Amino acid sequence: MFNIAVIGASGYTGAQLVNLIVGHPQMTLKHVLVSENSADAGKTMAQVHGNLAHLSQYVLTPLNSDLLAELAATMDGIFLATPHEASHDWMEALSAGKAKVFDLSGAFRLKDTEVFAKHYGFAHTSVDCLDKAVYGLAEYQADALKSANIVAVPGCYPTASLLALKPLFNAGLLDTSMRPIINAVSGVSGAGRKASLTTSFYEVSLQAYGVLGHRHTPEIEAHLGTQVIFTPHLGNFKRGILATVTVKLKAGTTQSDLDSLYESVYADQPIVRLRESFPKVDDVAHTPFCDLHWKVDAESGYAVVASAIDNVMKGAASQAMQCANLALGLSATQGLIHGYE
Amino acid sequence: MFNIAVIGASGYTGAQLVNLIVGHPQMTLKHVLVSENSADAGKTMAQVHGNLAHLSQYVLTPLNSDLLAELAATMDGIFLATPHEASHDWMEALSAGKAKVFDLSGAFRLKDTEVFAKHYGFAHTSVDCLDKAVYGLAEYQADALKSANIVAVPGCYPTASLLALKPLFNAGLLDTSMRPIINAVSGVSGAGRKASLTTSFYEVSLQAYGVLGHRHTPEIEAHLGTQVIFTPHLGNFKRGILATVTVKLKAGTTQSDLDSLYESVYADQPIVRLRESFPKVDDVAHTPFCDLHWKVDAESGYAVVASAIDNVMKGAASQAMQCANLALGLSATQGLIHGYE
Amino acid sequence: MFNIAVIGASGYTGAQLVNLIVGHPQMTLKHVLVSENSADAGKTMAQVHGNLAHLSQYVLTPLNSDLLAELAATMDGIFLATPHEASHDWMEALSAGKAKVFDLSGAFRLKDTEVFAKHYGFAHTSVDCLDKAVYGLAEYQADALKSANIVAVPGCYPTASLLALKPLFNAGLLDTSMRPIINAVSGVSGAGRKASLTTSFYEVSLQAYGVLGHRHTPEIEAHLGTQVIFTPHLGNFKRGILATVTVKLKAGTTQSDLDSLYESVYADQPIVRLRESFPKVDDVAHTPFCDLHWKVDAESGYAVVASAIDNVMKGAASQAMQCANLALGLSATQGLIHGYE
Amino acid sequence: MFNIAVIGASGYTGAQLVNLIVGHPQMTLKHVLVSENSADAGKTMAQVHGNLAHLSQYVLTPLNSDLLAELAATMDGIFLATPHEASHDWMEALSAGKAKVFDLSGAFRLKDTEVFAKHYGFAHTSVDCLDKAVYGLAEYQADALKSANIVAVPGCYPTASLLALKPLFNAGLLDTSMRPIINAVSGVSGAGRKASLTTSFYEVSLQAYGVLGHRHTPEIEAHLGTQVIFTPHLGNFKRGILATVTVKLKAGTTQSDLDSLYESVYADQPIVRLRESFPKVDDVAHTPFCDLHWKVDAESGYAVVASAIDNVMKGAASQAMQCANLALGLSATQGLIHGYE
């Protein structure tokens, strides 16, 4: 059994991680932590998260520097479901011991510190950790993850986008006269657990935001290998992302070319489900799956690929768990899919 | 044309009032105001309320004591869509002139100041105004409203509940061995326009609140004439209230007794629609109507009455407009129902 | 007062038309009709549409050929909220008299009968009517509508898309190396009032459909003047469409170019609201408005334009009313916007 | 490993059962079946249920009389997620062998065949099976379930209602001058997977139905031991039930009496979570839990108890699994709660 800690367990992603760890056959949840001045410190998981009302044995402990060192020395795995700044500041201490660290913030996803500073609003000074960090898009990084000590778990939109686009880019099928156009809609859990007029129930209604400037654009571009136009939207649902990707293909590319390509790339990836029709967000809500479907218009050369994930699961917690499974020497889907493990 | 001001126009009820006044054939909107330290002061209605994006000519003015006096002297009607304390504090000044004042807060709904203090958390010191205030349940107060200078517009839950229950109580049909049981579900607009974890999209899901202690209980009881058990719930929708009322009837009361009773009481009340089946919340959302339907189980003597309103309209703004129409000598439904006016 | 009939009043669009006509200061609703074998024949509007429970005076009459001739001879305006085939078959008779006919189906929107047959599945044989039909995108066809006898009211997606794209195309600002990419999400009312597993509550969740083959693609292309990639989605809300349009602009086009362009094109069009930020679907739900906002990335040359409408209103009924107002010699917004008329 | 079959796997409850069985550490899913003339026969679970897109190995087989006998002889457990009539007709054959049968329809829940015929519309002729059937309210029937061959899995509303009320009734705390008043709201999944105008997305909005006549009333009464007033509502959400129960207590009953009572009754029942505040529907959605909270008004003697379950889980599939676990000699929560099993 591996000993595990979750830092940031008062948020939605932290709660989902806790739930996955508690159900994992080879992990023991040893600590659930929050920042030093969190209003939730001292409460149980049951008190903070209604859906975890049976988990009254886990008390949210406020983090401090002594604890950072202790966790690094004693844990096998540490999940960071924390703000970018906190992950950035704590990574060096947390990764100094035997623990492998899985960071769900954006702090270690961009190797280019200039681009980072522009999009995250502060300078990156944890450069050694940044060098070591493996970008944990699990289906593409199995080998690197096996020896990783620091994992930057991908963002929700990048996960949905990259799983749709990487096969096309890697196979050289994209006509580069036009950037891939990614339109994505996310459920409100993506905004995190906090009071805000923007995400209050009466205010939420389908709307574009972060247009032509969202920080997930450089993340997608860095890990895809080419530039994109990415337009995120807030949707009136709780969980899930649907990314609809429109691309122009190299002349002569056919529907069956893409069929073969996706089948080949994802043949041994049980988390990616190649669907017979365009997926719904609720097909993947509360699951670790990414559902893909695509259609080619041979006449015009355009294709549309849709990619659906649960933003809290494959877009955060269950992808982090895939990474942890691999880093700890387990099967990638351990604790995630019944019957596959 | 009557000159009208709305105080508290940055909230949902204020916005609805503005929209009704702009469309009213005999009213001119002269002022839209907010509290002195509102973050919305200086913005236009268009900037604050996306659905009123065409109303850029109305600028939210911060209120002060000079303005209070000016409004009292120059307006024909003033709508107060303000916190209880603000309405309480400003009423004396606002009602000192020619203006008739329509208060949508809870400040003037309870004549008993002890009960008021217990439920609102502060002592009522505007006792003269409280004496003069008419409780504006429009279908029952047409005469009093015609000469009213201060109107306490009823709360949303009391409106739905009283329109269902008053016919039964007034006709002496309630078996008093059991209190009427009111279960009601409100849309999230009822909580107002503010950031709060409780009303954030991800948190909202059907839930009882204020159980056996909500401040609308004494309001219902005072204006019904008997005690009730009232259990409000927050529902996952934006607008509307459904109140499901269960009562025990005097022995021998039949379905046709209730049919005749409701038809007789509401014969000339176009806002109350007696339905052929149990109403949905969305039948009345964005409308001024109250929909009623009922069923009697003659064998057991129990009956269920359902009452549906839009909490922002009949539960607030459109009922205030009914009151204003009557107080200003117009037809009650002026500006509210096409074809009736 | 103009005498008006609505054919197809048992559907959602028909109900919305009835509600608009009843509130229109210069129209009298004379007939509400359904197809000869409709299950709703003989019922009142109140019985079929819960939100119109106050309209018990309007009885749904089954249509037959005698009535077609009578309506043509006696009505000033006829709204057809009927299936494509019905509109196609009835138009010749309905337009043979004094009545002006406003068809909300797709039967008369495509002048090219080959394209029509491919997308609608039957041959167009009402060619004279098709020749006469004016495409009623009201903001662009005011002159033609004034003398029109047959109006093809635009589809919901084309309305949202064209109001966003026509200024750019007409000004020659589109870089034609890439087709405009239209991603749109529609509320479920767009699917009409009928039992279907696809639109059952439990099944509805954000999903692309009609990918690279939807019949609104040729409609957009015909009335825009260039080809597009259009991907519609079904969203988990009742009313509204958000179209997010991504285009590549001619080199050197700036944000202020587009600002000036949209302001100039829509200066005198009160239905089109140029917003200061990206619009939400609920900003326009239950309203006649189209809300537009745009952003240019000068570096890459790409721009994103968002367009929001209520699919039942500006995407159907209120746009039909704009057309009728113009065709009957009234102001375009009569009966639609309080305060402008 | 126990061999298991699911009959009726094309519905929502059947799909949930399949998902639970596939994840169960001691069960093997051998057959998924549908009725002989189902349109889904021959399809895979993946094709019929988007959320089970990874389960393409399970093909829906049409049931026939030969198969009934084979299943009875070879299976350890059979789940029937079928219409009342089908369960009624097939039970004798299915229960004739070694298999234990868990019926999720209403066919075997009412011992009184007169009451049954009145509420289900057909005469009960499988009387031997009815005699043998154990009502599977798992928290109250652990002993009987251990030796049961036929289990009538309780209805969704009765489960929520009985878990709230049985402690009060059994302890003799109910003042019988008034019937318990149960107001409950169910998500739309409760209506099953079928096309219907009533459950189409645009039509769904909070509404009472089955008022003073729903078939779950006699089921609650039979298994509680006293009469109730039960008013179900359809809510605008996919999964879950919230039952709000209002009762009058024997004079002198206090909050702490109820606190002690519920804690004592459910001390060893991990599926029932006694909450510190009133539960939300989404606290239990997609979980096997029943969440309870209560409040007493000592002055009036009334109390309100709220009970939340997922109608597809504790209201159907996961309760059936609790029953199966017990009947097969396993721990009740096996395969249901991580960490407890």
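Letters A, B, C and D name the chains as they come in the text, with residue numbers starting at 1 for each one.
Everything that follows uses one rule, which is that a contact is a pair of C-beta atoms (placed from the backbone, for glycine too) under 8 Å apart; a residue touches a chain by one contact, two chains touch by 3 or more.
Being a predicted model, the structure only gives us computed values, none of them experimental.
*Asks:* Which chains lie in contact with each of subunit A and subunit B?
*Replies:* C, D
*Asks:* Which chain's mean C-alpha position is the greatest distance from subunit A's?
*Replies:* B
*Asks:* If you tally the C-beta contacts for C-D and for A-C, which one comes out higher?
*Replies:* A-C
*Asks:* Measure off the straight-line distance from the CA centroid of subunit B to the CA centroid of subunit C, and report it in whole Å.
*Replies:* A distance of 36 Å separates the two centres.
*Asks:* Using Cα averages as centroids, what's the distance between subunit A and subunit C in whole Å?
*Replies:* So the centre of subunit A lies 40 Å away from the centre of subunit C.
*Asks:* Take the average of all CA coordinates in subunit C, do the same for subunit D, and state the distance between these two points in whole angstrom.
*Replies:* Taking the mean C-alpha position of each chain, the two centres sit 46 Å apart.
*Asks:* Provide the list of subunit A residues touching at least two other chains, using ranges where the numbers run on.
*Replies:* 236, 238, 279-280, 282-283, 285
*Asks:* Taking the touch rule as given, give the residues of subunit B at its contact with subunit A in the complex, in rising order.
*Replies:* Within the complex, subunit B contacts subunit A at residues 12, 188-189, 191, 193-197, 199-202, 204, 236, 238.
*Asks:* Report the residues of subunit A in contact with subunit C in the complex, numbered from low to high.
*Replies:* Listed in rising order, the residues of subunit A that touch subunit C are 177-179, 181, 183, 185, 203, 205-209, 211-212, 227, 229, 231, 233, 235-237, 240, 242, 244, 246, 248, 278-283, 285, 295-297, 300, 302-304, 306.
*Asks:* Tell me, which parts of subunit C touch subunit B in their complex?
*Replies:* Within the complex, subunit C contacts subunit B at residues 19, 22-23, 47, 50-51, 53-54, 238, 270, 273, 275-276, 279-280, 282-287, 289, 291, 337-340.
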